[in-house]
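The structure appears below as structure tokens.
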Amino acid sequence: MNELDVYRKQNFGNSSGFGDRPALLIVDFVNGFADPDQFGGGNIGEAISATAALLASAREAKIPVAFTRVVYADDGSDAGVFCDKAPGLKNLTEQSEASQVVDALAPADGEYVLRKTQPSAFFGTGLAAWLVSRQADTLLVAGCTTSGCVRASVVDSMSYNFRTIVVTDCVGDRALEPHEANLFDMGQKYADLVSSGGVIGYLAGVTAG
Amino acid sequence: MNELDVYRKQNFGNSSGFGDRPALLIVDFVNGFADPDQFGGGNIGEAISATAALLASAREAKIPVAFTRVVYADDGSDAGVFCDKAPGLKNLTEQSEASQVVDALAPADGEYVLRKTQPSAFFGTGLAAWLVSRQADTLLVAGCTTSGCVRASVVDSMSYNFRTIVVTDCVGDRALEPHEANLFDMGQKYADLVSSGGVIGYLAGVTAG
Amino acid sequence: MNELDVYRKQNFGNSSGFGDRPALLIVDFVNGFADPDQFGGGNIGEAISATAALLASAREAKIPVAFTRVVYADDGSDAGVFCDKAPGLKNLTEQSEASQVVDALAPADGEYVLRKTQPSAFFGTGLAAWLVSRQADTLLVAGCTTSGCVRASVVDSMSYNFRTIVVTDCVGDRALEPHEANLFDMGQKYADLVSSGGVIGYLAGVTAG
Amino acid sequence: MNELDVYRKQNFGNSSGFGDRPALLIVDFVNGFADPDQFGGGNIGEAISATAALLASAREAKIPVAFTRVVYADDGSDAGVFCDKAPGLKNLTEQSEASQVVDALAPADGEYVLRKTQPSAFFGTGLAAWLVSRQADTLLVAGCTTSGCVRASVVDSMSYNFRTIVVTDCVGDRALEPHEANLFDMGQKYADLVSSGGVIGYLAGVTAG
């Protein structure tokens, strides 16, 4: 019996679906994660490209849009265990080129740009409160890495009871095996996996509505 | 270049080490997850066996011990998106046989047994505050599933800046591929991977100290 | 210049208003807080009486209803600093008479009853996630004590960006000066103060809608 | 029977004491809260003066020091219900003079300066994780206002099981009645009230140790 059979037999992998009030979260698509010599590589470049179209669609539908950046203090005063595991993270400071959102996805006025120091976009941030203020019931997630900050953010999004959609071609990772393994875990237990085509179709309905 | 090379080149996978004041967290080793016909299977049975020795060692060292159980209200009033994805979770209620900690690891008086409804042992629970009250700086994690509640708990433990140790032979999963993939992710980014033999040796030193 | 003048001059005390999707939170109206020999006294009895009508109105409007109870483990394993300040809290255990919701406000099937060990109904609980799952945008708060668990819950409710309404005659305290002082603080900075008459009128509109 | 008698009879107001590893938190002592024409007034000026000596003592003892600033995005994208109640808060942006820590207490290199948008220094911030990384067991709290962000931070500090000390002459408020009323509430239920003289004496012992 392979792993998918076990999950089926135990009744995982059901759909949690879309709600009526989506928001879009774009995780860590900053220069340092777009650069294979820093934290990038794999299919992250393609995911950024696909996200440009998704973002345009979200703006047209006038849904709330949030971006995350990893930002540590210049003096390292807020570095912790995560930086012990991956010391390069400390280079992502407020002014560093590496911590700026990539040009192709530059935030517009009124969009929410949040700083974080941990994998999840919810941990130690105002994201949950911001989603409540927008009355969102659904979170569309793009970004990187699939096996890191996307996964952690998706688990928290689901834990807060937002219907959570991983936009499959808009998430990327430096290595493809962890990318695939984490898509599997998320699809079975935490979120629905939908391509950007499917999500853009859904957003067209939201606009119309 | 394979995935491990990418992680090495980007300087992931460093050790965050052990601190001086460990606590032990045993995640969801309850009857329902020990039973292949419910949520169990794979190497979960072996992980429970290995955890019995780890727990004995933790008790001898007199370190704080916490257990998690998944517990939903009898009337389903607290069921959310997680139960949409995996409806069987709703059967785990306060009195159900499936939600009791397995006999082999029965909690002792004074050990902390926490109820949770989400993957992470930290989400919506008193775990962080309990660890602060015990002045823990290190969290040793056993339990199941590696790709589910263990992973989510480890990410939060690290995010709270506890040095986090995944006890490799004391975590288990219903399917081995996700088990391995998640050990890889955790070892590269969030925690140190140490066998129960190594952890028991460390605890002997804590006792002596 | 008296204190109210300062707050006016600095532009505090504006209304945050009602939204469209209210939920009702009833904080710690349990036997031990209804009994002047335990944690009760003052105007708590009257607040419980007024809350009975509010609860009936909420049920008629079919809005989500949540209750909190203070519940510590029988063996004291989750007692912390709060119990150092007020040791009597440790008597509030799952089965103790003192920790049961008062008969006049007995929870109905499907209403959410949450256990907590800290002042705020949000701290270490699933309340925020439950409100998200019900798509609430407004939290109506009754309970006790005004200067304790009500205040702490109101601050967190506002911090999560729920429009927060303190139902003035449905909150009570063992002593009237702290009751009044905390109504002042909450009205100036965190919540709107509305009588149960006003809230019941609002709920009639929600029903009609 | 006056209010103090009720609290005594119900066994509130016990001491939670000092631990061995203190940290200092200085809440919102920024220019806008030092200015009576913005958010200041009352005894805030005196509290800032007293805090200068406390801060010197903390630095001599080499304990961890954290400062909070209220900071909203320039475009208001993270403003919520708190700004509905008190619209002037939106003027506190990253670069505004009003949101900078007062010169008398300028943070030194390596001290933690955290941005927040809600009353509590813990809500949506990395403060709990930072305290864990410093293995703090005790939080000394200075700042303003006593009835606002100090109170909210103290409740959360206690909820996380840090032994919490309100440094009585180092907290201030725009109006004295709420200042006094909140000192009463905190002393009875959440924290010990100690003058800066007492805390400086304690820190001398920490240094010596």
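All chains are identified by letter, namely A, B, C and D, in their written order; residue positions are counted from 1 within each chain.
The criterion applied here is as follows: contacts are C-beta pairs under 8 Å (C-beta built on N, C-alpha and C of every residue); 3 or more make two chains touch, one makes a residue touch a chain.
Keep in mind that this is a model prediction, so the values were computed, not measured.
Contacts with subunit A and subunit B are shared by C, D.
Averaged Cα coordinates give subunit A a centre that lies 35 Å from the centre of subunit C.
Subunit B and subunit C, compared by their mean Cα positions, are separated by 34 Å.
Of all residues in subunit B, those touching 2 or more other chains are 80-81, 118, 124, 128-130, 133, 159, 161-162, listed in ascending order. Judged by the touch criterion defined above, the protein chains are all mutually in contact, each touching every other. Taken in their complex, subunit A has these residues touching subunit D: 73, 75-78, 80-81, 109-115, 117-118, 124-126, 128-130, 133. Residues of subunit D touching subunit B in their complex: 21, 128-133, 135, 137, 159-162.
Per the touch definition, subunit B reaches subunit A in the complex via residues 2-3, 6-7, 10-17, 38-39, 41-42, 80-82, 84-88, 118-120, 123-124, 147-148, 151-152, 155-156, 158-159, 161-164, 174-178, 181-182, 184-185, 188-191.
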